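Look at the two complexes coming up: chain A is in both, with chain B in one and chain C in the other.
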Partner chain A sequence: MGGNAVGQPHRLRFLEYGLTILIVITLNFLLPRVIPGDPFLVISSQSAAEEEIVLTAEQREFFFDYYGLDKSIGEQYVAYLGGLLRGNLGFSLYYKEPVSRIIMRRLGWTAFMVVSSLVLSTIIGSVLGCISAWHRDKWPDKFLFFKFIVLAEIPVFLLGLIILFVFAAGLGLFPLAGAVTHFARYKNCWEKIFDVLHHACLPVLVLTISRMGGMYLLSRNSMTTVLKKDYLRTARAKGLPERRVLYRHALRNALLPIVTRVFLSLGTLIGGAILVENVFAYPGLGLLMREAVRLHDYHLIQGIFLVVTLLVLLANFFADLVYAKLDPRVNQTNMQGG
Partner chain B sequence: MTVENKYLLEIKNLAVTYDHVHPPVKAVDGVSLQLRKNECLGIIGESGCGKSSLALGITGLIKGDEGTVTGEIFYKGKNLVGLPESKLKAYRWREIALVFQNSLEVLNPVLKIREQVGEPLKTHYNLSPAEIDQRVVKLLEMVGLDPHWRHHYPHQLSGGMRQRVLVAMALSCDPQLLIVDEPTTALDPLSKNEILRLLQSLQKKLGFTMLLISHDLGVIKKLTSRVMTMYCGRIVEAGLTSEVLRNPMHCYTRGLLNSSPNLFKYKDLWGIAGEPANAAAPNGGCAFYARCCQNGESCSTSRPLLKYVGLERMVACHKGGIETFLRAEGIKKTYRLKNMNVEAVKEACLEIKSGEVIALVGESGSGKSTLAHILVGVLKADAGQIFFKNKKVKGRWATKMLGGMQIIFQDPFSATSDRLRVREVVREPLDIIRWGGKKEREAEVNRVLQMVQLPVDADFLNRYCQALSGGQRQRVAIARSLITRPKLLIADEVTSMLDPSTQANLLRELKGLQNRNGFAMLYITHDLHLARKVADKVYVMYQGDIVEEGVSFEIFEKPAHFYTKQLLQESFRDLI
Partner chain C sequence: MAGTYASLQKLLKKCREFSLLGKISLLIILLIFLAAVWAPYISLHSHKISSGPALLPPGKGHPLGTDDLGIDLWAQLCHGARISLIVGFGTAFLAALGGGLVGIIAGYAGGWVDKVIMRLIDIMIVLPDFPLMIVLAAFLGPSVLNIIIVLALFSWVFPARIVRAQILMLKEHSFIKAAETYGAGAWYLLWKHFLPAVFPLMAVNMIRQTGRAIVSEAGLSFLGLGDPTSKSWGLIINHATSFRGIYFTEFWKWWLLYPWLALTLIVLSLAFISRELERIVNPRL
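== the complex of A and B ==
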């Protein structure tokens, strides 16, 4: 394989990613500035109930000047880009803390929830989907299919509320909110881990259930399609054992769309996480984002958006890599494209 | 078991029904065949005639949720139908292997060639990975593929290479029976020939028995010794390949031949009219009924069985295959001149079947016209017999009927009377046999005149023949002969007076009739260019003798008689 033939599309890929990131950053910069209102209408008030401090015109001017908001959009944009290059996401107007530090603190919780529900939903969904396809139109398939169609259609916040009411409020099996028991002292690290898992159970469960239906349908569909392919007939004609036909010949091919979906679904999954975090008051990025939007905390909003988009892009990138590993035909298309 | 010694594969009354679609499709319907060891049997037919289903049925690859297989398949004397999947696995690939029809999908896109070719070895012989790799290298070399390709994926190979991989894969376990499905579709001529040579040499070397499925008659001709024609899941004709291709006896087989450019290089292509019927023929008639050019009443009501009509030759047709319209035996004619005898026709024998265009070629004075005149009863033969549709011709009954025999004479000036009007000349045959009323006869006159591209206005119809040009008069003569809708037309140099365009149109019109209605024609000419374009068979006449006869693709490609060679050489030397 010539270096040029392969190098060209790869360079193109990176250019694509670079351009996407730049567009994202630009949008990110502009979006908060088109939200009606400004950050100094509400400042330092701890809750909505508390009386809001209304700043005088001089004070507002001072803050505008202090945060550079009185400069032209162009200058602000350049300053923003410069800051980003130094890894500076800005300073939260509300929390009075660097945005990056706040995000890092919260990111872990969201990542933990998203990744574990992604793994769970993918495994459960695709295993059941494959089983369904192998027994198509027999009772396991009919049963699963009906169940998952229903599950896939319930909105995630509704599901969250129901589960919260039943298991946490009603049965009291799980904590109502938060990620850890506040002010708890743990005897050992196992106890801490248990506490964290105990809190994470319901949010992860809700998120998993909400993703599982889609995964199930996708893998059932994918497997069904693969089972009809000529190469499976070839495999059977060769007298191969059923195991080999299903796992080596069918599954390998059926997995392709599932893998892509896993990575590409990260975006929607984070969207789902925002809703779930709000329902369970789980201290992740989603909850933070809601607060930031409510408070017009430009820098924080921008920071969260940016981090989330970069994560999604990163997931995309990984999807490309893994897909190329799994499907040898992908490289070929690149070669032809170059 | 005696069966074991006689046949490697014997199929009795095999049926494959896809009953999970509505309505159920009977893809294979009562097929029986025998295959001896080392033999190569071909199966031909249009797409969707059930060829591939037959292959899948034999290997038991039609799953229970797709369709059902009934009948018996004896492989080495053991019936495979109804065996459970686990028992069938032992036969698959080790005994019976398939070379699937080439497509990207037939090989697994995500597995390397090495794995796909080698995995049956692991399953059936439990070889070690190193042994398998060795064997894969050998197999790829055997099919003429560089072994390094085993490290690649199917999509990285060209169509021809994939076909080789499919062959290598099928031969990996040294099967006794190889079923090959369309081995050359979508291949360029070079790779196609290579694959054919490869299959031929491998069969010689490895001694497997082959069942070859193809719609490419060139492939069939090259590889098989026996051939079966399949239509709507049934075998309609079976015989030795060379015989069937030279002399098809079922209209469907002939239709396939006429549609194959590689057999008739110069002739026009004519596909079989109509769509293949649904296999479930509604009233149990012949499945080919709707498309057949000689269908009769019995054909629509009862299903013809495959019956022997000759040695090693079977046809499923109520009429015993393509009908013979005209048979002439031992025709002799001597003209007595003042002091010498001229033997114009010496012991000529001739046969014209339904739907055939036969060219009778030869130089002027070779006796062609005399023979033609004898055939229609214008001249009396000194000896010999003539049969029209198997009935002896005596008197003029064969020319005095609708759907009979007609002749167009060479010279239109003597064939049409100067003193008759166009309409009278053309109508005359109907007047003679008192067919229909005046109006109907006039309508027929209009029809045939249009067919030969003559005007039908009153002015022209009332013109005297005297006032016509040579070409017009020739066309009037042709129209006259077509008015009784003859089944057999004997045309003596009829187009020589026509301009090329009219000649082309007329011949296409007649060829159309041939394909639709089984119209046959004895076309007497010395224009070999034209003969090559239209004729299915050729008779060569020389000094009153028919010196050579045969299928046009053979006569024009490989003439045997010195006179034919000379004639062809003279005709095709320059393009004039």
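== the complex of A and C ==
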């Protein structure tokens, strides 16, 4: 669903996304049923460690009945789909709360982190990429290129760990964990905003750096290709000032692939966010997912997975729409094709 | 088979064209590989049993110090290299094998089979892989084999696409057509013509997949989804970061730093090697 199907009519694309969503939901439904073992048994057989959940026989009975595990698989599937449509993602065994409510509470932090690093990395990465392309093979390009190749390859959680230990633990410049200071009393709302930003600084920075490399390489490539085009020679031949040629003619065309990448890279970025949240104990969905894994809270794990996947799919769909709007050539093929 | 062997030789010869960075990377991978192979001989202490006081800084007897249980860190790193390399190469191999097979089927069969496979690949590309890996690993339970299977499930897409594209291109060539008219079967064509042609690209891709698999394994272990008996590098980091007070003491300067360094070095080296090879095999990129 990347670039290869861009020229297809929208209705077909819509169908494809629908199919993907259905597959994800079916996978989510089948996983606990196909894999050998019994989640309730796992929970009830474990020794009562500090925070483990232990189920009594009655509770076990209740959950079997509640999830309709004694019904046929077809009936279960229909019931599951119906529940999802009503926004029912299941019930968390540990938090004793509907999964959807827990997720809604945590989603904001993840979204804040992902969106801000998405914006920052896109701007910084593409600006540096363009500068690099304009000075291709001179020292600014060589310097930036090497630096970004290294940065692009360092895994995000390793980068996070070293930054955490150097800047927060070693130098004490930033808070070690969390998104706000606990039990803090703020004099005014500016102090609160400062506190939130201070906590978000390192996680956002790490996520930004990890994605900036890819953005930089993409925009450098894109700009280099555009710079070789005939219409730029024409623009120069018309006697336009270099500044106008670069910003009006080259930049506009070079930005096209960057815009789609903003949405398409969301899947990888969310994977990174999950790890970064765990490095900095940032209270978003990623941290929640690790807690859920540790506590064997399968409904919570699956709920988070479903929400994250749907968001990513939505972003991809949006990318297709934006691309069609931005690139007139796509619209043309659309008309011919459909 | 001879053709594949020849293209492997050609690829190895190309390593001489590496830049300095590429050569250093190659050396690092070689050293890590040797450390993994000779792990029981070069580690002075056991990697499982306590061999000194807890949290000893690097020094005499324990070159990299010890962890909270007094287990020698150097021994843990050497044995951890085995896990990382097994997971990395195992995943890459499995992904190349599975992906290659899927690509061959799609490219050779064509028609609706090809269409179904391509749709499946499209779906795999948009799915956010890391959250799904967490879900699968959580359900399958932690073991090295499960981790390899889960990682391979998300790595076959690229090999499949390369192989399919190559086969579609080769199928139209006159020498393949000629071989077919002489009665060459699918199996013969595969070994004699298709495999040698796709091998260089696949080999380069496998190196990249190895790096990605090592990173993913470390990430999963860091989240507590790794094999608890394996002591991989990610698991050492997981132990170190969940140690209470790691942030307020000096312990991280060896307990966390050395596994961190090992992981970063192996991942960067693999990335540089695949980048160099990509440049040589496919100069357009």
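Keep this in mind: the second predicted complex is superposed on the first by the 294 of 338 C-alpha atoms of A that agree within 3 Å, B and C clash if a C-alpha of one lies under 4 Å from a C-alpha of the other, contacts with A are read in each partner's own complex, and residues count from 1 in each chain.
By our rule, contacts are C-beta pairs under 8 Å (C-beta built on N, C-alpha and C of every residue); 3 or more make two chains touch, one makes a residue touch a chain.
In this text the structure is predicted, and so the values were computed from the model without any measurement.
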{"item": "Side-by-side fit of chain B and chain C on chain A, or clash", "value": "fit"}
{"item": "Touching partner for A:Glu153 - first (chain B), second (chain C), both, neither", "value": "second"}
{"item": "Chain B versus chain C as contact partner of A:Arg252, first or second or both or neither", "value": "first"}
{"item": "Partner chain(s) touched by A:Met223 [first = chain B, second = chain C, both, neither]", "value": "neither"}
{"item": "Touched partner set for A:Met289, first chain B, second chain C, both or neither", "value": "second"}
{"item": "Vertex chain A angle, Cα centres of chain C and chain B, expressed to the nearest 10 degrees", "value": "70"}
{"item": "Touching partner for A:Pro241 - first (chain B), second (chain C), both, neither", "value": "first"}
{"item": "Which superposed partner A:Leu313 touches (first chain B, second chain C, both, neither)", "value": "second"}
{"item": "Broader residue contact with chain A after superposition on the shared chain, chain B or chain C", "value": "C"}
{"item": "First (chain B), second (chain C), both or neither touched by A:Ala169", "value": "second"}
{"item": "Per-pair minimum CA distance [chain C against chain B, superposed on A] in Å", "value": "16"}
{"item": "In the complex, chain B residues that touch chain A", "value": "56, 59, 61, 65, 88-94, 97-98, 100, 103, 105-111, 119-120, 123-124, 153, 155-156, 169"}
{"item": "Interfacial residue positions of chain C with respect to chain A in the complex", "value": "119, 122-123, 125-132, 134-136, 138-141, 211, 215, 218-219, 222-225, 237, 241, 247-248, 252, 256, 260, 263-264, 267-268, 271-272, 275"}
{"item": "Residues of chain A that touch chain B when the two form their complex", "value": "137, 229-231, 233-241, 244, 248-249, 252-253, 256, 326-329, 332"}
{"item": "Residues of chain A touching chain C in the complex", "value": "1-2, 4-5, 16, 19-20, 23-24, 28, 31-32, 35, 37, 149-150, 153-155, 157-158, 161-162, 165, 168-169, 176, 266-268, 270-272, 274-275, 278-279, 289-290, 293-294, 298, 301-302, 304-305, 308-309, 312-313, 316"}
